[in-house]
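Two complexes follow with subunit A in common, the first pairing it with subunit B and the second with subunit C.
Right after this comes the complex of A and B.
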């Protein structure tokens, strides 16, 4: 099972009704909706798998965790590309 | 009271802005870097202008870049002015890297073949005009945009300088 971590030094700030996230890896700023920013927020709090993240967000939204899994799963490639998230090797500590 | 916004110590929370019963598709849109865009735009402009109007100038490759430096002029008595680039200023741009094109303390004429110029009588005076140094993909300075174009105000049209974000000495 893939595990993820928020890239250290990533800054996420609210800008009106969206979120601006700066990646120190790419040097770029990305605009996020609430859902994506929430995923980063939960990642930063320690959850590191799709299942764990869905469980937390499902509780926030009042939805079934399984119904979120597919949606959350599809966002990883974009977040990895944007330099906001990195894949965490199993059994290794955060760097 | 919404402590996301009003409390100086509270961190804004995206989770608290989620709407119950809804979880939309996550979206992440990368903003275009303004300076990168301006750099690309200005470099296309300069490359087009210099290459198109200065057949003496080296061919501009896609990996080449430009760095702007100020123009200096030297007046030798009542003779014509000589337009120059200061090696000291170039060294400030390049830092410790240095280059074989122009050394610190050296002056180069802004005209091919970019001869070294030794000021006599008076020191060159810095102007508010610019020229562009052409730097190839290896970081080697290969030429100076010659100062023969665009009404004598600059080697590069003013419209090109507007978004030029390379290292320069004037805002």
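Right after this comes the complex of A and C.
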């Protein structure tokens, strides 16, 4: 199971109806929708897999965790490309 | 920036052209734009006359202790001195651009200096925007080329607003204020005649036809803007202008995300500044109310801006003038 970590130094702030996120890795800023910003927030709080994140989000918003899995899975490639998250290697500690 | 010494007390308008030519051919001329200083040397007689026409209110300084940019506008040696003569832009021994026709050194100088400013002044967040000031507050006019930014900035500068810059919203993240990068306003094509009609008393340089952007003419900054170029301005408001032929004036509030994108993704050095740039743009977005202004009539556009400015000044606790 893939595990992810929010890149240290990532900045996420609300701007109007979306979120602006700055990646210290790429030096670039991207605009995120609420779902993607929520994933970053939950990642920062300790959850690190699709299943754990879905569980936290489901508890927060009263939805079925299984129904969120597809949404969360589609967000990972974009978050990785934007330099906002990185994949955790199993068995390795990370900062 | 250090304040240059050896000011003669005269403006360029008060200097005879041969004296200016000698200065340019010798140690050069120090032009203090506010947040940056350019030292320029040149052997072009045309350049001296053209420079004098649009930097007329700037101090005539033949010696300085600091310049952010050291520029040379030179006529090439050899056959190019006589056959289809040209001028070259040099900075720190480099020639980053193709030469211009010998009779067009001013557009080359202006273009080259803007290019250098956009790459070098990285202590400031350089937004691609016109910037004017009133009541101590800056009005930013970010826009894409062809949107009427320069025309509107020029018009405001002729109607009681202090010009900070036509090209750079120069925001100092440390102090939280805008600084002046005062240069002539480059007007293009029909904007030139529009401004000549709008402000017949304004000072224009020569027209340069057939540039890459069509016909270009430069509008000299008013004297007050030059005298006050060290005065900063707090963030006031953002207006995205859009000139549309025959359009009625429309003025609509903008969402924060639109303003964020307009400022950040249209800046010269946003990415380079990293988190500092991100926080600076965020601060501006939170601090400044923002609108889009669609216009075709300059007088109506200005009246619309004036009518909203009292709201902006009250919001910021600045005096209404």
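Assume the second predicted complex is superposed on the first by the 95 of 95 C-alpha atoms of A that agree within 3 Å, B and C clash if a C-alpha of one lies under 4 Å from a C-alpha of the other, contacts with A are read in each partner's own complex, and residues count from 1 in each chain.
Criterion: a residue touches a chain if its C-beta (ideal position, glycine included) is under 8 Å from a C-beta of that chain, and two chains touch if they have at least 3 such contacts.
All figures in this text were calculated on a predicted structure; none of them were measured in a lab.
Asker: Subunit A superposed: clash or fit between subunit B and subunit C?
Answerer: With subunit A as the common anchor, subunit B and subunit C collide in the superposed model.
Asker: Quick check for you: in the superposed arrangement, does A:2 touch first (subunit B), second (subunit C), both or neither?
Answerer: neither
Asker: Classify the contacts of A:42 with the two partner chains as first (subunit B alone), second (subunit C alone), both, or neither.
Answerer: First partner only.
Asker: Could you figure out whether subunit B or subunit C reaches more residues of subunit A?
Answerer: Higher number of touched subunit A residues: B.
Asker: What is the contact status of A:13 with respect to subunit B (first) and subunit C (second): first, second, both, or neither?
Answerer: It touches subunit B and subunit C both.
Asker: With the two structures laid over each other on chain A, which partner does A:24 touch: subunit B (first), subunit C (second), both, or neither?
Answerer: A:24 sits against subunit C, while subunit B stays out of touch.
Asker: After superposing on chain A, which stretch of subunit C overlaps subunit B: 114-122, 150-158, 222-230 or 276-284?
Answerer: Of the stretches 114-122, 150-158, 222-230 or 276-284 of subunit C, only 114-122 runs into subunit B after superposition.
Asker: So which bits of subunit A does subunit B touch that subunit C touches too?
Answerer: Dual-contact residues (subunit A): 13, 27-29, 31.
Asker: Quick check on the complex: what are the subunit A residues that touch subunit C?
Answerer: 9, 11, 13, 15-18, 20, 22, 24, 27-29, 31
Asker: Would you tell me which residues of subunit B are touching subunit A in their complex?
Answerer: Interface residues on subunit B, with respect to subunit A: 4, 12-15, 17-31, 33.
Asker: Using the touch rule from the top, collect the residues of subunit A that touch subunit B in their complex.
Answerer: Contact set of subunit A toward subunit B: 12-14, 19, 21, 27-42, 56-57, 60-63, 67-68, 71-72, 74-75, 78-79, 82, 84.
Asker: Using the touch definition up top, name the residues of subunit C that touch subunit A in the complex.
Answerer: Answer in residue numbers: 255-261, 264-265, 270-272, 274-275, 278-279, 282, 285.
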